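To start, I am sharing the structure in question, which I have written as structure tokens.
Note that the chains take the letters A, B, C, D and E in the order they are written out, and that residue 1 is the start of every chain.
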Amino acid sequence: MDEAQGYVLLTALALPLVAAGVLLFVPGTQKMAARYFSAVIGAILLGLSVYVFLAYQASGEPLQMQLQWAWIENVGFLGENGISLHLGVDGISALLTLLTGVVAFAGTLIAWKLEYRAKDFFILFWILISGVYGTFFALDLFFFFFFYELAVVPLYMLIGIWGSTRKEYGAMKLTLMLVGGSVGIWIGIFAVVHEAGLGTFDLPTLWEAGQNGLISAGTQKLIFPFFVVGCGVLAGLWPLHTWSPDGHMSAPTSVSMVHAGVLMKLGAFGIIRLGIQLLPEGAEFWMPALLVLGTIGALYGAIAALTQRDFKLISGYSSVSHMGYVLIGLATLHVVGVSGAALQMFSHGVMTALVFLLIGSLYDQAHTRDLSDFGGIAKVMPLWVIAYVVAGLANVGLPGLSGFTAEFHIFVGTFKTYPVFGGLAILAAAIAAAYMLRMFGVVFFGPLNPRWRELKDLSPLETVSAVLLILSMLAMGLWWSPFTDRLANTVTNLPGVTG
Amino acid sequence: MAEHAWILAAVPGIAFIVMAAFGRNLPRQGDWLAVLCAASIFALFFAVLANFLNLGESAWPVLNSIEWTAIGDFHLRMGIAVDPITIVMLAVITTVALMVNIFSVGYMKGEPRYWWYFAVLQLFVASMLMLVLADNLLLLYVAWELVGLSSFLLIGHYWERRSAVEAAKKAFITTRVGDVGLLIGIILFWDATGTFNILEITEYVEQGAIGDTRLFVTMMFILLGAMGKSAQLPFHVWLPDAMEGPTPVSALIHAATMVVAGVYLVARMLPVFELAGDALTVVLVVGLLTALFSGVVAFAQTDIKKVLAYSTVSQLGFMFVALGAGYVSAGMFHLFTHAFFKALLFLGAGAVIIGTHHHQEMGQLGGLWRKMPVTAATFLIGSLALAGLFPLAGFWSKDEILHAVEGVGSWAFFLLAIAAIMTAFYTTRLFVRTFLGKPQDEEVASHSREPGLVMTLPLVFLAFMSIVAGFFIFHGFGNALGFPGGFGEFLHGGKPFHVDWGLVGLSTALFVIGTFGGAWFYWNGRVDRSTVLAEWQPKVYEMIQRKFYFDDLYQFFIDRVVLGFSYLVSWFDRFAVNDTGVDGTASMTHYTGFLLKHLQTGRVPNYAMAIAVGVIALALVSLAVGG
Amino acid sequence: MRDFTLFIPEFIAVASAVAILGTELIWPKIRKDYLAYATAAGALAWLIATIPYIGDTAGDFEGLLLTDDFTTYFRILAAGIVMAISLLSAHYMRDRTSTAGEYYGLLLVAGTGMVLMAASRELLTAYISLELLSFSLYILVGFLKRDRLSNEASLKYILLGAFSSAMLLYGISLIYGVTGTTSYEGIAEALAAREGGTDAATVVGIMLIIAGVGFKVSAAPFHMWAPDAYQGAPLPITAFLSTASKAAGFALILRLFTGALVVDAVEWRAAIAALAAITMTAGNLLAIQQTNLKRLVAYSSIGQVGYMLVAIAAIGYGDAATAEHASSALLLHIAGYTVSTLALFAALTAHYNRTGDDTIRGLRGLAATQPFLALVITASLFSFAGLPFFAGFTTKLLLFQASTTDGLLWLVGLGAANSFVSLYYYLMVMRQMYLFDPPEGHTRFRPTPLLGALAGLLLLGVVFIGVYPQPVFEATDAAASALFEVSASVLAYAP
Amino acid sequence: MTTEVLWWIFAVAIVAVSAGVVFARTVIHSAIFLILSLAGVGAMYLFLTIEFIALVQFLIYGGAVTVLILLALMLTRMASSGEPEPTTGVQAPFGALVALGLMATLIGVAVSTAWPGDLGQNAVAVSIETIGEAMFQDFGAPFMITGALLLVAFIGAIVIARQEDDE
Amino acid sequence: MVPMENYLVLSGIIFSLGVYGVLARRNAVLVLMSVELMLNAVSLNFVAFAAYLDPDKATGIVFAVFVIAVAAAEVGLALAIVIRLFRNRSTANVDEAATMRW
């Protein structure tokens, strides 16, 4: 059963790649074919993701649905299972898989509108999605890094070709910063695999090595910053976050959705996989520093967002702030805090995806994202406004939506371990209310600026995507246990995480 | 039934979903559904009440909870707890909600987003009921935020008006600041006790599980939340602005129910407060200051709703005072009676607004009693109840508070007495300037008329309640209705109430001073004599009119300090972090390459030089290091 | 006993070269691309003749040359490179020269030189083989003799080549002076047997040798000829320079350093590490500044050399197992790098044949005019940058991983950082191809079927090595263990 | 003793003419100095009593190479210019510095190293048989490769230097 | 009796002079001549080593022969290239053959 389920993971991982391969041979003029095909792929992936999430046994072992294929072994320095295609999910990755499915599907629908080189877009998009799934599933350091990079690289072209506002700058900066971050991961991998001296990249094996002292405490402390900085760039760790505002400003809608929605989580996920699980002692040593950075990020993003004039900049900074929470949650090394971080990843994912979807929908019509250009558009775009308000409220941490569930756990965990930082984190949540409501007030409400009388509300496809995302938010907001139960076993079994 | 009281919250919740999704397409945009919903919970409340009373005191509080989430040692149960305080709150909410729903059918007729209004109203009712039913602080917080959301949505109902949007924003953010405190307080409790359950927390605290300082700090955070929601000084600024919302909303949310959530919370946690050092004194002082402050400010307001709003703030201060003095029953009783007469007054104001086609400036009203007698009559009852006329509802509850404060100290009693006088004073002013005298604006007066039955009936009912609600304090009255005695006995099994006639006399004196002062001041010439002060002491008047500069101060703080800081951070982010740090690194790399490339001159001798230098360097370094 | 059967493949290669020369002599008007196909056929024969040697017992030619799996590996590589380059050249040279027989003949000879370098176990033989390759390259670089750049390139190349050869020889003479022999084993034994440890002659001699071979593989600061030679050379020769020349250089280095000098690792390992650091940094920083594609590739290949040198440094720093693993990974990386480079040049040649433009800007809009070529270029550049799915990702990762030893983590880290810098300029190329529309008048075109097929095949190779390198890795492992089998006796002396 | 004196005379002379190669003002002078230098080194081989290599030196270097160089000098003589252009570049001082550094290193190496087997005895006369055996027996492979190498150089020189039909 | 070191020092001086020539001179032929000087020094080294240290096998002498042969071939080839340069640019100056740089 376990292995059969492993094939589900393999399918989710390979299907987008196959889709990209197939699309390679579709003529560029067959846009509709590419769209329908992609939509079907997206739907299948959504189904698979939901399956993975639901089939994950909350009460079982943390790692489930494992599948291990020998890949490269017994050559060079590699021993038995040196590099193997080892897939599996734990509670955290099961949750993030669900997130990926939802956001990817929504993104596919949103990309429907693209006319310019639509097919090429989908090719890159699917490669990216495959990278995301791969990173979440990989239980082999080699493949983890493989897919991690795979998820980052297509962004350059996705933003560079289909982006807007200073797209080349944004794309280049984003790509370079993210890949630059992965240098840290790379170095970390070298050091860890070497230090363990097992001739294998297999993560569970290395995790064990990290816990039973095969990787010395000194090395762990030395290497941990590499991993964290490496993953932290992608996670929007302050002060390495500046790709986020610019990158989001440049990126096309569905890329922003997937990027802010899922990709940033790869970074935080990496900190769990490589930081906490692989280097528990290093994590213990460094987590206070991460906590400080996360708190700074949370406050800094929120404060900077207060006076931004561009929608995407607000969301960009807000992402920095929210990913700051994730880092805070991880840094607590407390079950509730870490669970909160995982929940926040999901929450921020769907919420941000929705926000970017909406911004894109508006920008496509208005060709401006300057807040002060707008006013009263609730009159012409009620659905849009409702959706945005929901997203904004989730952002603010309103109970009943996913944001609260996540943030609450983070706060609880933080208060248990570092009360002062918990207070600061909550303060950031309060500031979030200020910038969100400011935007609501300026843009959505008030008298309608006649310039925007012709704006159209969400299209059916956008509505479907938005509803999907809102339902996800509500699901986590209203009924916690399906989410928390799946996390519980995994989180409590993380090394160094206290009860 | 009592253990299934959650149904009370579920019904409007479902109604909200249905109406939000389909309200637009329903016949009459679904207002009947709203009324039906309100009526059914009103009815259900009695079922709950009956069951609750039947179960008897030994079964109180009635509990019902389910496992919600568990991660490691972190367990969370969600559930309801029904005890007398809850019952009181349920009574207030269901009753006023029904009245307001009915009233709104008339009031909101033809207004934009009619269906949406009713939908959100149901959301509010659901959240409010959840708030009072919650057996744990977390659920309470959830509901707390949701009522805030409903309030936000309803204040901003007329979002085409910039002022409404601003008011909604202000309300949300201001209360949010308090909510942060509440959340911190809740988590601090969990941190110390490992539970969110209010009863368990109380037990832990009584066992001394939390250190003194820590408990005090925690309670201050909790109090912060309560102050924010109940618009206590210095968080009061949002409530007057919240009058931008439709008037029935003001009645329900910003007078009768939501704003008293803070009072409810303090009442609920009072056993803990009592153990937390001087926490209660803080409550008392906050309430006292608020009561006085808003009493003064109300005096300079010209908008009838604003006057009522400040009055509400003031009355909430009264309740805080009562709680601060340690008298749950006094505070809750004032909450109970106040809900009726203040809702009545707001709905009355609504009737005036509808009747005069949206005029609510006192300067344009006057002499309305002729045009709308029912409204005037009920409004008068409400006013008198507020001012504390024996034996209307407000009298008894205020009397209780005065009685409660006696024990604290004469200074408190004295100040509260002044506040009570001011209450009577501005209430009189309000009534006189609105309904009596000659119409200030003939144009307005000529078009004024009594609103329809759908609006006057709730007024009448509430007027009735404003008269009788006070009697609940009597043992006999309660007993007759099946309660175990009067209000205080029901609430915490205290002694039966005995009228302290001395206090009655004093109260009445206060009432008389205030009322007649007001009447004297404003009756004569039917002009706004408040301007006299403006002439006499312009600075003082301006200070009062500007609400002691609270808003200006906050505005300044936000504009200059918060936003200034934000600009600073943004600037730092762009120039220091991004342009210097990130782009700077890139430029440096680029520039290094630029410098380096000039070594590549294209000339063979130079290339050979590089080789030779390289060799020598390698040789010398290796000799030095290895040799 | 001279066992000439050991070098049947090379005889075939040289015979093919002579045959091609003769063919053109006899039949001057022959279509020049036929000569290319003939060369490819010769190289194929060479390759096929190599097959029996795979896994065969090592053959010793008088203690000078050795045909073991290591040699075989480079044989396959050489034959493959020559085949690819000759096919690349077919149209390119047809349009540019009237006589091409020498060109193709020299290609085969150069390939032979490369194999001999890999096979050499003795300094004189190694030197002569190296010169055989170099001479061929001097000529090939300057083969477009009317082209000022080609001529300038070959001038620079030969002058500096001779200069560095002199350095190398002086170094060899010093080592000879110290050890009294030129055979690798003899050197190792003599070095190990020395009393009183190290001396200045050994150190300086090794450094001079490093300079000489460093020049061949274009390690900074001995790299400066490379960009100019790459730029001036005919495009296929640029490809040849950056593949065969480097591979041969590393073959020689591996044999020499593992077989002879490993005994004195403490004396040279720091120098190699420093060289690696300087090389990768200089290569990548300078590559950022380039506007010409060939120069860009030149600098990028210098960067790659820096990475490869990390493995050599690891041989010095690590124990015997590390050394073997690092060598194996280095060979793997060379394979990945070679295939990627060839793929890149297949696409570039197709592009150049069409546009005659070798600047980066010349690629503008290629994604629209020829998406397939753009894809191949992207794949190979990403492979250089070490991005997943392409050879470079896996091979570089394995190379660095295998080279990670306690003293070298900094260098590996620098390598990783450098490969990140390199991404920038690769993206600048990508940017031209994908982000812009083609200039006016550039319409969609199809590459010639030959180049298209070649590019496609090489692309498959790039992806194959990137995704499933097991077979190649096994081959390199065999080659590395052969390398160390020979020097097993030597390694006993290793620190 | 005489040998030593002679040796020193030759050594100084070689250094002098070698310096002449790199310092001479005109190219022709340099070439002549080069011939002398090569001949001097040939003489050194005689001091080492290895006549064979001296012969090779005189024949190939003194004869073939210098002729080739003179020929090339003639072919590349600037037709128009009367003034000899500066033959030394601006980088010469740096070059001198580097060369001095190198010289110091090499001399240091030569002097400081304890050459194994060097017992201070005189150079041993190496018989021509030994050389022949070594060259054709021990180093057969390089010999053959050198054949190919010379062929390559030969072809290359022709290909590069040959005038095209339209030149 | 001339010690071996003398030959080595002499060789080092000639080599360095050659290096100086390569570094300093501008004429391609001169550069080539300087390289010849260097190779000469190398040969001298080899022969000296062979004569003093390795008279039995005489590897150094063989090496010197090969060096001379290769040097001769190299000169031939290089001069062809220089002549080609002269034809293309009417100069044999290496400084002027610097179109490609940076």
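Basically, contacts are C-beta pairs under 8 Å (C-beta built on N, C-alpha and C of every residue); 3 or more make two chains touch, one makes a residue touch a chain.
Computed from a predicted model, the values in this text were never measured in an experiment.
Common neighbours of subunit B and subunit E under the contact rule above are C, D. The innermost chain, defined by the distance from its C-alpha mean to the mean of all protein C-alpha atoms, is A.
Farthest from subunit B in terms of Cα centroid separation is D. Interface comparison, D-E versus B-C: the pair with the greater number of contacting C-beta pairs is D-E. Averaged C-alpha coordinates give centres for subunit A and subunit E that are 63 Å from one another.
Subunit A and subunit D have Cα centroids lying 69 Å from one another.
The distance from the centre of subunit B to the centre of subunit D, each centre being the mean of the chain's C-alpha atoms, comes to 101 Å.
The centroid of the Cα atoms in subunit C and the matching centroid in subunit D are 31 Å apart.
Within subunit E, contacts with two or more other chains are made by residues 8, 15, 18-19, 22-26, 28, 31-32, 49, 53-54, 57, 59, 62, 66, 70-71, 73-74, 77, 81-82, 84, 94-95, 97-102.
Shown for subunit A are the residues in touch with two or more other chains, namely 176. Subunit D has residues 89, 91, 94-95, 98-99, 102, 105-106, 109-110, 115-117, 138-139, 142, 146, 149, 153, 156, 160 in contact with two or more other chains.
Chains touching one another, given as pairs, are A-B, A-C, B-C, B-D, B-E, C-D, C-E, D-E. Of all residues in subunit C, only 124, 127-128, 131, 135, 138-139, 142, 145-146, 148-149, 151-156, 158-159, 162-163, 165-167, 169-170, 172-174, 176-177, 180-182, 227-228, 231-232, 289, 295 touch subunit E in the complex they form.
By the touch rule above, subunit A contacts subunit C in their complex via residues 71-73, 75-77, 120, 131, 142, 145-147, 149-150, 153, 156-157, 160-161, 168, 172, 175-176, 179-180, 182-183, 186-187, 189-191, 193-194.
The touching residues of subunit B, when paired with subunit C in their complex, are 586, 589-590, 592-594, 596-597, 599-600, 602, 604, 606-608, 610-611, 613-615, 618-619, 621-623, 625-627. Considering their complex, residues 597-598, 600-605, 608-609, 612 of subunit B touch subunit E.
The part of subunit D that touches subunit B in the complex is made up of residues 89, 91, 94-95, 98-99, 101-102, 105.
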